[in-house]
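All remarks here apply to the structure that follows.
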Amino acid sequence: MNGDRPSEEKPYRRLETQTLLQQIAFTGGLEALEASENGNLAWVTSGFPVEIPIAMNVGVVYPEQAGAIIGAQKIGPEVCSYAEDLGYSQELCSYARASIGSTEKPDEVPMGALPTPQILLACNNICGTVLRWYDAIAEMTGATVFLLDTPPIEAEQLPHHQEYVRKGVQRLIQFLEDKFSKPLQDERLAEVADLSSKAIGLWTRSLEACQKKPSPLNCADRFLTMAPVVSSRGTEQCVDFYETLLAEVDDRVSEGLGAVRDEKIRLLWDNIPMWYTLRFFNLLASRGVVFPADTYTHAWSGSIEGVDTSSIIDGIVEIYSNVYLNKGLDAKVDKMCQLIKDYDLDGFIMFSVRSCKRYSLGQMVSKELVTERTGVPGVIIEGDMVDSRVYNEAQIETRVDALLEMLM
Amino acid sequence: MGTDLGIGIDVGSTTTKAVLIDSSGAILAKSLMQTGASAVQAVDKVLGEISSMSGINLENIPAVSTGYGRARVELPHRTVTEITCHSVGVHRLNPDIRLLIDVGGQDAKVIRIGPSGRPDDFELNDKCSAGTGRFLEVMARVLEVSIDELGLLALKSTSPSSISSTCTVFAESEVIGRIGAGDSPADIAAGLHASMTSKIVALSKRVSFAEPVCVTGGVALNPAFRHYLSKQLGTELWIPDIPQLTGALGAAVIALQGLG
Amino acid sequence: MSNEGVIEQSTAGLMQLVAAGEELIGYIYPHTPLELFMAHGLIPSLIRTLPQVPSGFEASLQTFACSYIRNLYSQRTSNQMPPLTGILFPSNTCDSLQNLGDIWRVRFPEDRVFRLTYPVTRNIIDDSTQRYLAEELRLLSESLTTIFERPFLKESYNRGISLVREFREGAKFLYSARVVNPKIISYSDVAQLVRVFLTTPTAAAASAITEAANSVKKMVTDLGIFENVESVMTALVNRDFENVQLPENLDAPRVVVAGGMIEPQALGTLIKDIPDIPESVITLDLLSFGFKSVFTPPLDESEDPFMEMAKSLLAAPGEPTQEGLKHRMIFLKDLLTNLSIHGLLICEQSFCDPDQFEAPSIERAASEVGIKTTRIPIDPELSDKARIEVRIQSFLETLTER
């Protein structure tokens, strides 16, 4: 056989739907630019009830996604260093550093510098860091920060918690109405909530299809295709995208085609990926390793029920408070065990992200608990999502190899 | 209030230095030796040497000590940090200098010198050895060359490797990766110097850059370090004739001036 | 007294209390409702970081956990914590403490762990934040009642209020007096008094502060600066510096310490140990266990206890974990300009997100009003002591530049 193998013989299958993503990203970029010029662009965190700004025709962009794009271009260290020059420590969240760095020097960042925001919408259900990050951006750009505070929940959401978050959502609506001088229309909100639920429903079905063997999607496929559901759920375009994705996934399932050509080992991935070397997953694919599930893309899967503004707000209050990152270690361990069971996984890899404390601290404990409860082995590897300076490839290889040797 | 003579003592982690100057600032005697296990003994020795060299009894001459062992000096004296002493010392040698970069075995300092010779602002490396001589020492060992050879080796590079980590631990594994990928030792050495100087450049941005720039400390003797630092800063570097003595000289000047 | 000495002294104090049959609830976050525990007949005791503790966190926490929580964890694994009946963790303050609470429960199931969840929202027009925290406090009170069979007693609550008030009144005066004349009482002495009370909040600890405040009151009256002190205290309480009056010819340099959960006592000892630096350069600290604990508003006995406690905690000087960066920076700039400050030491706990995020804003705010700053990364073990000393001394040298 000669050196160049035809593409269909790569160890993994390329997802056709991916090409649509570029289109979505391109249109999204243009719309954001336009919104910024028209004075109504919001930056939002991944766990924010984006349905409300979307229903009020506020343009939205998603800085965590921009961080991922900066990471994927392998310019993370440079862009982060612009933030470090301003005094932000290298130990801080690298999404935040990439965002601050690209706001400071947008011309040095080919892709991933976002248009100037008028408002910054943060919800702390994913971590406490988002508020401090957005406060920093507010100082740089003059945009106003709105925080939707969703305090962590122990076992269940109590009435006073619901009441507090509901007040927050009402203040959010008031804030947007005052800022852009237009009211929230009930019909439009219902429409957006419906579209959002549809998209989430379709996305969840694609995720669940990975329970099949071979798994139709691998980790990197999901990391890339999660973008629209996180940033633009509530739009027609988003629903269309997930319809196309689900169709491709269903095709793969019915034809028995796996994301990895020769699936041998099924693993769970925990945490944000290292965006600068998604190749990691492809290299493992060549050894028959697939990741049918991960904790990152399963973090956004609750769909809002509700028929009118009041019940939709109730749905928002419940769904956005109950994301598992807001529910502590037990919820995360439960989630991992459930995924391992439902997706019939052989083991797990936990990526300890140095600059993401909320997601990563506790992994040493949860690793033990998950193995205890499921009987499958796992390994912790350390690095960062954007800042490749703290990624030790040789060390990681050894650890992953050791795990695979246990499973082979 | 000025006096006729001043003594400056710089007790560093590696070497101890002493300088005796007269009221014109001229150096009457100087001494440098390894600090060794006892800073107190090293101080005694350097003071003994400048006393016998100059034939002057050091009693009652104002003295200022600096460096990590500054509190270990038994002579009546005041202590001033090496930041201020280096700044004053360099200013005495070249009053135009506005930015001083001092890179030693464990430390990296960037000092912005005010018009009077006193520091306006400064930045130090933290506990991590990124940007210090230690970084290069560790990397020389990985590349199996001596620390003196490392700089010369780097200058032979035609296409420097990209080393993104400034952290010693991570860079070490990156180097091993580059070796595995078949990069030449010269290219890796060049990449390491570029990475190390980028850490210094980052420190200098924190104090707001100013020119002209002076470089002191043991690492200043490394030609590749000077090359990459000069390139990344985009400016020429001025290096004093006696780079190891600027701290002690500054201390002596402060002793002479009676400032604190 | 050195930091170690004070730790030894407060540990001895705790042992005495336990020997006398008292039950201790350890807490680690500064904004804790002391009066609530006192109302249930329990003694709240602030658990401090220890400078010397064998490291024991490695099997449970990664190295990037902040140095504060690593120290707490290591204290627990090496059995160096005081004899506690329960421990209170804060929730919704910072990510590291959040996760530490979870990890603690798994690793030390025998410990009685309580949690108090704080709202992050500030500066809003409705009272939803207060009502949320009041309900959290009520729920905490309920579980204290059930678990310890010690009900909330109004009488004990009122006693708690007056005890804490006595502590705050005295400490506020000492803080304000030092702003006017930093030599009137040493920074370490004030830090020690505050620390002893927060560790063992007894009548004796409160009267020690009152005594110190009375003797300082006499000194400032004799010096004719009593009114200056009063004006500073009013300004710090109301966060409005319009009517501050400082005497002329203040000693220079005057330095303020900014930062979060850094031990004031450890900082005092650190500065004391630097040769040729008078401790009186520290004019004021803005630390969580110092200024922010001392300048928390008092409670009104006649109002609903839970709402009162919530209001007081929410009106304490702001933390970087809360909403309101802009307000904090305005306060800082006002303070620096109106209290004739020359330099600002920005302390940050190693690997502490909130401290490290706020530091660049503090640097910018200070530079806007022409105040020099330096950043001091610090951990409880003072593992980088030599370099920190050089930083502080060099910084003071840049301030005395004439």
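The letters A, B and C name the chains in turn, as written, and every chain counts its residues from 1.
As a working rule, a residue touches a chain if its C-beta (ideal position, glycine included) is under 8 Å from a C-beta of that chain, and two chains touch if they have at least 3 such contacts.
Only a predicted model underlies this, so the values are computations on that prediction, with no experimental measurement involved.
A.B. asks: May I ask you to sort the chain touch graph into line, ring, star, complete or other?
C.D. replies: Drawn as a graph, the chains make a fully connected set, so complete.
A.B. asks: Is the number of contacting C-beta pairs greater for A-B or for B-C?
C.D. replies: When B-C is set beside A-B, the one with more contacts is B-C.
A.B. asks: Starting from the mean Cα coordinates of chain A and chain C, work out the distance between those two points in Å.
C.D. replies: Inter-chain centre distance comes to 37 Å.
A.B. asks: Using mean CA coordinates as chain centres, what's the gap between chain A and chain B in Å?
C.D. replies: A distance of 47 Å separates the two centres.
A.B. asks: Please report how many Å separate the Cα centroid of chain B from that of chain C, as a whole number.
C.D. replies: Comparing mean C-alpha positions, chain C is 39 Å from chain B.
A.B. asks: Where does chain A touch two or more other chains at once, residue-wise?
C.D. replies: 87
A.B. asks: Where on chain B is chain C touching in the complex?
C.D. replies: Within the complex, chain B contacts chain C at residues 68, 70-71, 78-84, 107, 114, 116, 118-122, 124, 126-127, 260.
A.B. asks: Okay, in this complex, where on chain C does chain B touch?
C.D. replies: Residue list for chain C touching chain B: 275-276, 372, 374, 377, 383-384, 386-387, 390-391, 393-395, 397-398, 400-401.
A.B. asks: In the complex of these two chains, what residues of chain B are touching chain A?
C.D. replies: By the definition above, chain B touches chain A via 164-167, 169-170, 173, 176-177, 198, 202, 205-206.
A.B. asks: Taking the complex as given, what residues does chain A use to touch chain C?
C.D. replies: Checking each residue of chain A against chain C gives 86-89, 91-93, 96, 124, 127-129, 131-133, 135-136, 138-139, 145, 147, 149, 151-152, 154, 158, 160-161, 163-164, 167-168, 171, 328-330, 352, 354-355, 357-358, 360-365, 369, 382.
A.B. asks: Report the residues of chain C in contact with chain A in the complex, numbered from low to high.
C.D. replies: 59-62, 64-66, 91-96, 98-100, 102-103, 105-107, 115, 117-121, 124, 126, 128-129, 131-132, 135-136, 139, 320-321, 323, 325-326, 348, 351, 353-354, 356-361, 363-364, 375
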